[in-house]
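These are the structures, in structure tokens.
What follows is a pair of complexes built around chain A, which joins chain B in one and chain C in the other.
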Partner chain A sequence: MNLAQLLHVTLRVSAPISLAALGGLFALRVGVFNIAIEGFMLMGCFAAVVGTHFAASPYIGIICAMLVSMFMTLIYAFFVLNLNVDPIICALASISVSTGLTRYLLRPIFGTSGRFILPSDLGLRSLNLPLLEKIPLVGEVLSGHSIIVYISWILVVVTYVVLYKTSFGLSIRATGLKPEAAASAGIPTRRVQYIALSINGLLCGLAGAELALGFTNMFNEGMTNGRGFTALAALILANSEPIATFGACLLFGLSEAIVIALSSEGYAIQLLSMLPYLLAIIVALLPPVASRISKLVKATPRQS
Partner chain B sequence: MYDRTSKTKTMIAVLVIAMMLAGSSAFAASRRFRVAYVSCYPVDSAEWLQALVSGLKEYAKKDNFEIKIVEASDSSGYEPKIQALAESGYYDLIITSYDFHAPATISVAKKFPNQKFAILDAGVRNIEQYKNIQEFKLDRLETAYLAGCVAGLMTKTGKVGMVGGADMGVINEIIAGWQQGLRKTNPKVVDLVVYANSFSDPSKGKELGLSLASKGCDIIASAAGGTGVGAAQAAAEVGKPFVAWDVHYPDVLHGLELGSAVNYFEVMFRHYINSVRAGNYRPGTVRVYGIAERACDFEFPVDSPVPDSVRAEVEKIRQEILDGKIRISPDLLHK
Partner chain C sequence: MPRDLHTGCTRRSKHFRWLSGGWTNLLISLVAIIIAFALAGVLIAFAGEDPLNAYRTLFKGAFGTRSGMRGTFRYCLPFVLSALSFSICVRSGYFNIGQDGQIYLAALAATWVGVAWKGVPPTVQVIAAVVLGVAAGALCCFIPAVLKVLLGVDEVIMALMLNYIIGLLSTYVLLYSPIAEKGVASAVSKAIPISLPSSVAVAMIVVIFVVYALGMKRTVPGYEMCIVGHNKRFARYGGIPANRTILKSALIGGGLAGLVGVCEVLTVYHLYFDKFTPGLGLNGMAAALLGRHNPIGILFGSLFLGALQSGSVLLSVITEVPSEVIMVIQGLVMFFATVRRKQTNA
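So, the complex of A and B:
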């Protein structure tokens, strides 16, 4: 596997993670630490396959995934915001419900158990970017992804703009930082929280759709396989800043791609599986260690 | 009038007693063999488990035994559920599953020394020390060996790849058989092994499949459950032949599937239950069922691209295995 292939895989595997992380970002920014994104993503995968199967169009599938995932998030939001249920407890319940419901529904809807495979022509096609394609390394890396991957890049910028350049973004940040102060400033905090969590649902649905349709066009029970938690890790690592979160997702994607590339070289899989987390720890430790070192350097009296 | 009613009463009493006697004697004469199977997964969670349960119910009717299916998929329920079955004293044989149930089975078996226990493929250590537990399992080496033989004959580049579900006993046994089979028909073959570390991640499976193809493998195999479907999709995408485990993928591979190593758990269970019923219960041992008992086999799908000459050669090797001329080691050649 050469460098271009490695980076291509990096972008592909980081797309669902970064979409889920952006979703989690909106929830976190209004003060809800939503670990249920793993479950909402799984619902998104399932709804994407159901929608694609019955409408014979992956685009309907994507819309289904986003709507179903948003619906789930709104139920979650109702429990957390209106009924004051602990967000972590409620998230665990949401994950169990998503895992169980998707497995249960496979039977009445498709008559199969464990998985449902769509015909290969119903998946999302990978797009070749007309001009970029021609540029040697860049074209190979950037071209040939599914449409959701490109959307995910655009959404990173959109999230940044919404959060920092619009009054709605200001409301979101104010609600998350100090709800009482935001409310006293006339911000309808409850409504802002609901809207932010809806966006969380839509993005998780999109992440699920990419996972189910973008690359494999099938549903398998538990197919998110911890990607939602990876997204949360990226979010926390990047202090829930949109651009940095995307960077952290790329980092996780890169380590995943390296694991895939090294897998057949005879390294122990147990060590390879550690790589993403090892990288995360190093990145998390770098800033404090660097600042400590720079302080030490400054503190030592210089002798000339 | 008075007399007649008392006569009727006596008659009814006699009749009832006679019926009870007849009933109990008939009961004693043909008391059915009673088996309880404790599954460590919910029955609807896997295709093989569904096939096993429906097959067992069918065979229970045919062979006239009683089967009770119990799900104990939550670790807190392992011991209480197995103990409840043993306490009832109703079952002649209690079968539990995999290493999940092994500690609970061992501890309950100690408390009920007269109850027969069997455990499916648990790799119980020092099994010979247990007086009322027998282990039974499928021979995964034979079918994997045959799969390897087919791939060894079909490869053109001499390089093949395998996507395994996880670095664990069952999968490594399969890979061991696969590697030896490959070398039987193609001594110079290079085989790559990758582990997905998940049985339910098709996306990971596809990435691994594509990476194997990009490294020059012209045949891809996968024993990895749902992850394996992704590997099959990778093979279909790059147009390389694929060797499957457990299932066939006609709709994914469209004529690229060489064959599949399939297992028939229900056949193995039937063999085992009937052997215990016939008095061949051997606690402290491991009973292995293979292609000789038709508990598993390597099957070519209808649209398999494997030519007749290769099939004939594989059939010859299959016969050698059946005759006991080939010994397959459960140890990996490399990871």
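So, the complex of A and C:
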């Protein structure tokens, strides 16, 4: 695998992570630390495959994935916001239900267990960008992805604009920072939270659709494999800023691409696969360590 | 981020006095179970089976036969331990969801002692396996706790990542290390020659349960954990070393999860195969939530989930219902078990 291919794979595999991270960002910005995105993504994967299979069109699959994932998120939101269940407990319950449900439904819907592979002509086609693909290296890296990958890049910018340039974004940020203050300023905080969490669901569904239809064309039980959690680690590292989050997700994508590249050369896959998770731990440790160090640095001159 | 974790010590909180009685908690847990069964019934009907018939089979599988009863009992015990592991950490405000990793690491340590140590008296070997396994579980729970206390790192992400890493590590060890059984397709260890008698294992669990039940109510450390979990700053003001209490409960919680892993490989399977019991941690957590962290409640919660686990075997044999339906039921129970009307300002 040469460099261009490695970067190409990086962009491809970071798309689901970055979509999930953007989803998590909306939830985090209204004050819900949503580790359930792992489960929503998995439901998205499954719904995408089901939709594609029955409608014979991957685009219907994508829509199914987004709707199902949003539905799950709304249930999650109802339990967290209205029934006051702890977000983490609720998230673990969501993940448990999603894992169980997707494994369970494989049997009645497809008559298989474990995995379901779509016929190859039903997958998302990779699109070539008209002008870019002519440029040597750049075209090879940027062009030839599925449509969701391009959408994910656009959505990073859209998220940034929505969050910082619109009044709705201001409502979101206000609700997350201080719900009481936001409410007294006339912001319908509950509604803002619901909308933000629905966006979270839509984005996670898109992430799941990319995971299932973008390259592998199948559903595999537990196929999200912790990507939702790494997306959250990226969010923590980037302090839930959209652009920086995208950068952090590229980092995870790169680590995943390196794993793919090296595993074809006969290294033990188990040890290699630890890389993204180790990276997530390091990444989650960085901000607190950095703040601790900066405090120490600030404190030293005063002591001397 | 403020978290209200139902520490079990919030009984006297004025915010939900309407919910203070044990009977109300029992009612909520029962309703949670009924709703979960009703929703899962829809799924079963979707698979083309009669839900009532399926539940009858489930019940028969769990309690109807001798082997079913034994299965229920067999699953109930590790669930109790794993629920206690979750509960004791939650009490002091530390959210331990790394049980799966702790269990696997402990099982790995116990397997290593059992297979690789040669020429040691068996009794010594068993004791060493238990001690090392428990220590491995405790260590695995201790790392995120230290990071939380020192740096304020979120323990949830840490524990989840550790779970994945330990899962991959144990697959690797079971495939390539000296303790791996060579020449088979799956990742599995060599047979472990030593064994922890089930009577000893059960006795240990009973003792731990009684110590926990009494210790949480009647001893100073139990009280300290409660106060720290309830309000860390108040605990410090009252002279309780809050961080040390959190670390202490993390060590105990991890050790309990470790004991689960040790018992699984030394008492039940006598070898370590990859991903031997997925969902032990989640089931324990669900049991703790169903039982509202009350020892007796935990016992019944574990019994319920153990019965599900045990009954699912017969369910998948007799009917066309995939046994994964119990995973859905367990998840749904977790959803509904902690529903409340009014939020407390934790």
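As a working rule, the second predicted complex is superposed on the first by the 263 of 304 C-alpha atoms of A that agree within 3 Å, B and C clash if a C-alpha of one lies under 4 Å from a C-alpha of the other, contacts with A are read in each partner's own complex, and residues count from 1 in each chain.
Operating definition for what follows: a contact is a pair of C-beta atoms (placed from the backbone, for glycine too) under 8 Å apart; a residue touches a chain by one contact, two chains touch by 3 or more.
This one's a predicted model, so the numbers in the text were calculated from it and none came from an experiment.
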item: Chain B versus chain C as contact partner of A:218, first or second or both or neither; value: first
item: Contacts of A:13 with chain B and chain C, given as first, second, both or neither; value: first
item: Comparison of chain B and chain C by chain A residues contacted; value: C
item: Partner chain in contact with A:266 - chain B first, chain C second, else both or neither; value: first
item: Contacts of A:5 with chain B and chain C, given as first, second, both or neither; value: first
item: Partner chain in contact with A:113 - chain B first, chain C second, else both or neither; value: both
item: First, second, both or neither for A:229, with chain B first and chain C second; value: second
item: Chain B versus chain C as contact partner of A:96, first or second or both or neither; value: second
item: Chain B versus chain C as contact partner of A:86, first or second or both or neither; value: second
item: Partner chain(s) touched by A:26 [first = chain B, second = chain C, both, neither]; value: neither
item: Touching both chain C and chain B, counted on chain A across the two superposed complexes; value: 103-104, 107, 113, 225, 268, 270, 273
item: Sites on chain C touched by chain A in the complex; value: 1, 3-6, 43, 46-48, 95, 97, 147, 151-154, 156-158, 160-162, 164-165, 168-169, 171-172, 175-176, 279, 282, 285-286, 289, 320, 322, 324-328, 330-332, 334-335, 338-343
item: Residue ranges of chain A touching chain B (in the complex, touch as defined); value: 1, 5, 9, 12-13, 103-104, 107, 113-115, 117, 119-120, 211, 215-218, 220-223, 225, 260-261, 263-264, 266, 268-270, 273
item: Residues of chain A defined as touching chain C within the complex; value: 33, 35, 79, 83-86, 88-90, 92-101, 103-108, 113, 225-226, 229, 232-233, 236, 268, 270-271, 273-274, 277-278, 280-281, 284-285, 288-289, 292
item: List of chain B residues in touch with chain A within their complex; value: 44-47, 50, 161, 166-167, 192-195, 197-198, 200-204, 206-208, 211-212, 214-215, 225-226, 229-230, 233, 236, 249, 251-252, 334-335
